[in-house]
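Here chain A shows up in two complexes: once beside chain B, once beside chain C.
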Partner chain A sequence: MKRPVRPGPREGWPTSSRVDEMQKTFWNYLMLAPFMILFGAFFLYPILSGFRYSFYDWDTVREPVFVGLKNYETVLGSRNSRIAAGNLAAYVAITVPLGVSVAFGLALLVDHFAGFWGRFFRSVYFVPVVMPLFLAATIWRWLYAPNFGMFNLLAGWLGAGNIRFLNDPDVMLYSMVAVDVWVSAGFNMVILLAGLKNIPRHYYEAARLDGATKLQEIVYVTLPMIKPVMIFVISYSFISALQVFDLPWLLTGSSFLDYGGRQKALLFPVMDMMGRGFGSLSFGLASAYGFVLTFVIVLLTAAIFVLQKRDART
Partner chain B sequence: MGWIRFGSVTVLALTGALASGVTHAQELDYWVYSDFAQGEALKLQQTFIEEFTAKHPGLEITISGRGDDDLLTGQIAGASSGTGPDVFMNSTSLGAILAQAGALKNIYEDWMAMPEDFRAQFNPDLIKMCTPQPSVMYCLPYTGYGSFMYRNLTVLEEAGIDPKRPITDWSDWKAQMRKIQAAGKKAVPDMSQSWLSLANIYSGVAAPDEWGIDFDNQKTRIAPEKLAEATQMLLDIKPYTSGTSEDDQVTKDLFTTNQLAFLVSGPWVDPIFEQAAKERGLKYDRVLVPGAQEGQYGGVKGFEFIAIAPKANAKIAWEFAAYVAEKKQMTRWAAALGRFNSNDAALADPQVSSHSLLAITNEASKHAIFNRPPFFVKPYPSDYWSVLLDGVADIVEGDETPQDGAKRIVDELNELVADE
Partner chain C sequence: MTGLKRNFSRITPWSVAKWAAALCIAFVMVFPIWWMFNVVFADPGVPASLNPRLYPTSLSAGIENIKQVLSETGFLRAYYISVAYTVLTIAGVLLIGSMAAFEFALFRFPGARILFALVMLSLMVPTAATLIPTYLVVAKLGWLNTMQGLVVPGLASAFGLFMLTQFMKSIPQEMLEAARLDGATHFQLYWFIALPLSKTALVTLAILTFMKTWGNFIWPLVISQKPELFTVSQVVSLFNAPLSHTTVDVVMTANLLAAIPPLVFFLIFQRQIVEGIASSGTKG
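What follows is the complex of A and B.
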């Protein structure tokens, strides 16, 4: 009996190896399908839909009206966006280097302890990470309270006047950075600590034999060895800082009708975006705001990765 | 074999899902403020729900307590997606934004179909407020508040102040503050930090129609000369303030630990102080907010409404809303919690009117200005409150005189309103 001839690849049919491959991968894709469907429905679709609405004037009820790039012009030209961008730049410039430095310092400190004390300090420094942020904000509002807060009592003993940590526009940003560093240091410390634990001890022994001081050990052994981890921590801190929202919201007791604290000293882009959406029902404008912010974050993150790659090559 | 198993499991899962779906013929999601879904308030709300569902077999009502922002965002997002609550409460001050978002069903016909004795129970001014246009009614008036002043009697005693002697006016109030400061305590929170505190002071000198926005004429109703007087008062009392905001937890802690003498706030703070009185012996009372002149009083009043979403189950949702807002339920609500409400018939009930918290709230509301009027007309411009509060803070900081600052603030507010 003559076997039927299967068309070859030239006729556009898959070869038997391709069919096998497809059969093999079909189940893999099927297993991935639930995730991909959910990802598409709850992540990709809202993003694409939001991008579309960023070109419309839309209050969720009336028919969206196409306004072209007007929303983007409004966002880029508005006074609040400029204030928010300025606050964000200052915040990122301070909180990322400070936060990573504190976390690195803590990691070095904890790394020195072994056994019970090592675990104890690691847990203690990690507590703020697992603490609900509203609770952390409440504690810090107490610490910062004028007249009665611990910092003002200390300032009083030192002869300084009452500092309005959360109500003086010149001080508010620094007050928030302190809370942010306190909250995030534990998380970064644990990651850096894992990096430190992976450094072979004989590198330090060799350095000591060469007469290196503690500082030289850190500069010439520790830092180069944990560079990939450090870059991850810096990138993560940087991206998180760009999206800051809940901490300034809680510290200033903001609501959708009034947010950002006195003279908008703690107004940040995500807060402004939420306020425009839910406080003024300008969802098209809020979407445009979101995409401007996303574009900036993607651009800056890409720059970090490019620099990182270039550095790895050299 | 594998396909058979997979098919069986799928069929079973679908059957289970369908079966769970038919357990209740109808379901209502009922969203309330967080403090309505805690303790005694929750028990009472659950009683209302049980009573109503007993008369409507197959109906399930799920009550859910939400914070202010969560309530607003959920209702707005729900309005566009159709997934929001069926029955919900919110402040009349947010009525305009919710109406604009399409979150509120026009209940005018349902309302008019109710018997006259039901409709007569409610405060007519609030019914007017819920009915911004002829034949358009967005809500039933539900609960409410009027602000008054809590006094820490221990602090007053330590300062040598006789709590029985009423505070006559602002100058008398300031004299008491001086004594409190001299006794090493703080008199009041920083009343320039929140709009509610500012309104509590401003209302001591201004008339009710001198607050809010006149959308028809595109200008603020705030009178610059009255704002100047109010900010002068804030400037005068600055040395006696705790520096903390009225709504800050720190402020409440200072009051319950006998460090702060006065706190102007609403009835929602009372459970905290009542608990502190029971557990730590806090001694406090409640008085009207002093006004600039003798016989004048400050204070802010606000109301919460109950509304229904424009959804398929709107009929049963309306019946439930009408049930909880009705006199019998509101009488029990007021008697048990001492909380003010918009049902005049319930407030007139003798078992309610004797409640001390309710009595002071009721009295305060007679003198108070509305919180963010007008309601259900237009949302306030997004920067309205920050322009007002930042400007007042500048005056209190001494950057501007009260007269110049007040004029500038009013000019800026007018510009903002005109730009909307």
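What follows is the complex of A and C.
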């Protein structure tokens, strides 16, 4: 016999025998087992063994050789990882504020349509999210194509020269951010929109009675009310931006022999890590790379969390 | 007459701007997908400068493209692999996740809180960290280039467990108690009570898992390196590689075929998809 978690008023915790108790928990553990075994085998164990490998030089064929902290030194000191970190910083600094602002703009716009048209625009803006990222990247790669790509045709009609969207190191990052915003705007918009719908209408009415303009309404009513949702959207965008892989991979060479593009302008840390692992078969080094990345990501996530907590108290 | 008048008086500069902006953005959002469609259904041989692919021009050329991609490249097999990978992952995530969620949500037993906290903690760890070590485990098991290598490591979904546990917490204990008095076993409580009552959460999780798995790029990239087990994403990616001389209409045909399942899913399950994502932000 098993007992419920929250005992009813007439019934206390079971005073049954030990055997009964054991039989009860046996079923609990049995149902839990598949999940916990898989979780252990494909999450906990890999993390622990990966941590061990990060101190070894290992190509999966020869015996691993213990090298101490050398892998970590290589990760932090090598030229490619510095380029990747620089690219990432620039990318995050542009794409997060831009992406969230665009999403907020879209949410405000959609919020001003009622009924059918509200739902219609929400769905249409969401369509890019539904597309797998690898598809979005491939489509845009061809739209960006030199000479005959759609955008260069457009540039030609407008009298501009041929823009090498994916081949000019000064432009490549912006080309990627454009795809990124196109893909993620709908996702963030849907979350923000749900936040907007939760703001009681009489707040706006009160603001309007006080003679607030549309802009003042947004600054003094919408933004403060939507803050928790906004923080979620910003942190989520931020954390996923730190791990960017699919997009730059597919916009550049898309193979372990050729990635990152001209002058490594679209080389990002996860790509660099993957290249070291599967391109040059240094799995110890790649594991160390993964842990450096995790450390930075968890640290930044914690920083956001702390800032937000402190903000909430004041 | 009065209705017409009222409609006219509603046309203000503000509402015109609103509609113009909404329609322009809708155009931008849909254009790349529309363009993909037009490339597939374009008269072959007409250069982009003469036909910039702003609308479809030839139905038969498109059908020809689709036939060619399905018969002359490994795309059809990749499609099967992707479908199998997605279906097996959804089934596994739902079954294993709901079994664990049932226990965590409705029962108290030694270790439950610690185990749950451990799984939740894993949500903080970025995929980047686990990718290579998990690959090494799969390699050690001899599961590279196998379907179980693709599917099994993704089944213990911490996000899925969290979602289902939250949902199952609302199942009243009285219902379990009543069924138990009628002689239901532990497994029957799960199968006949918890599962049917969690249908909404299961559907949402299934849809989100579908989108994630069908679009998963990085995991198949490392696990299935042999053409026999290529997924759709890898075939599309190969077309992008520098030395592949694939023409744009072939690439876009493959793209279009890969886009059909998620688009159809979206048309059917719009509400669940949008609300599932929206609630992840406002509740969490």
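Rule of thumb we're sticking to: the second predicted complex is superposed on the first by the 280 of 314 C-alpha atoms of A that agree within 3 Å, B and C clash if a C-alpha of one lies under 4 Å from a C-alpha of the other, contacts with A are read in each partner's own complex, and residues count from 1 in each chain.
Throughout what follows, a residue touches a chain if its C-beta (ideal position, glycine included) is under 8 Å from a C-beta of that chain, and two chains touch if they have at least 3 such contacts.
As the structure is a prediction and not an experimental result, all values here were calculated from the model.
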Practice task
Have a look at chain B and chain C on chain A after the superposition and call it: clash or fit.
Solution key: clash
Exercise for the section: Give one of first, second, both or neither to describe whether A:59 is in contact with chain B, with chain C, with both, or with none. Expected result: first
Exercise for the section: Answer with first, second, both or neither: which of chain B and chain C does A:113 touch in the superposed model? Expected result: second
Exercise for the section: Tell me which partner A:133 touches in the superposition: chain B (first), chain C (second), both or neither. Expected result: second
Exercise for the section: Check whether A:223 is in contact with chain B, with chain C, with both or with neither, and answer first, second, both or neither. Expected result: neither
Practice task
May I ask you to decide whether A:307 touches chain B, chain C, both, or neither, giving the answer as first, second, both or neither?
Solution key: neither
Exercise for the section: Considering only the touch criterion stated at the top, classify A:263 as touching first (chain B), second (chain C), both, or neither. Expected result: first
Practice task
See if chain A has more residues touched by chain B or by chain C, and give me that chain.
Solution key: C
Exercise for the section: Go through the superposed model and pick first if A:142 touches only chain B, second if only chain C, both, or neither. Expected result: both
Exercise for the section: Go through the superposed model and pick first if A:50 touches only chain B, second if only chain C, both, or neither. Expected result: second
Problem - Which superposed partner A:162 touches (first chain B, second chain C, both, neither) - result: first
Handout entry: Offending stretch of chain B which, after superposing on A, collides with chain C (from 9-17, 45-53 or 81-89)
Key = 81-89
Practice task
Take the contacts of chain A with chain B and those with chain C, and give the residues found in both.
Solution key: 60, 138, 141-142, 145, 148-149, 253, 255, 258, 278
Completion exercise
Touching chain A in the complex, chain B uses residues 68-69, 72-73, 76-77, 79-80, 97, 100-102, 186, 190, 193-195, 242-245, 247-250, 253-254, 259, 379-380, 382-383, 385-386, 389-390, 393
Handout entry: Residue numbers on chain C that touch chain A, as the complex places them
Key = 18, 21-22, 25-26, 28-30, 32-33, 35-36, 39, 47-49, 52-53, 95-97, 99-100, 102-104, 106-110, 112, 115, 118-119, 122, 124-137, 139, 152-156, 158, 161, 173-174, 176-177, 180, 186-187, 190, 211, 214-215, 217-218, 222, 233, 236-242, 248, 251-252, 255, 258-259, 262-263, 265-266, 270, 273-274, 277-282, 284
Exercise for the section: Give every residue of chain A touching chain C within the complex, in rising order. Expected result: 1-2, 4-6, 8, 24-25, 27-29, 31-32, 34-36, 38-39, 41-47, 49-50, 53, 60, 106, 109-110, 112-113, 117, 121-128, 130-136, 138-143, 145, 148-150, 153, 182, 185-187, 190-195, 198, 229, 232-233, 236, 239, 242-243, 245-246, 249-250, 253-255, 258, 269-270, 273-274, 277-278, 283, 286-287, 290-291, 293-294, 297-298, 301
Handout entry: In the complex with chain B, residue positions of chain A that touch it
Key = 59-61, 80, 138, 141-142, 145-149, 162, 164, 167, 253, 255-260, 262-264, 275-276, 278-281
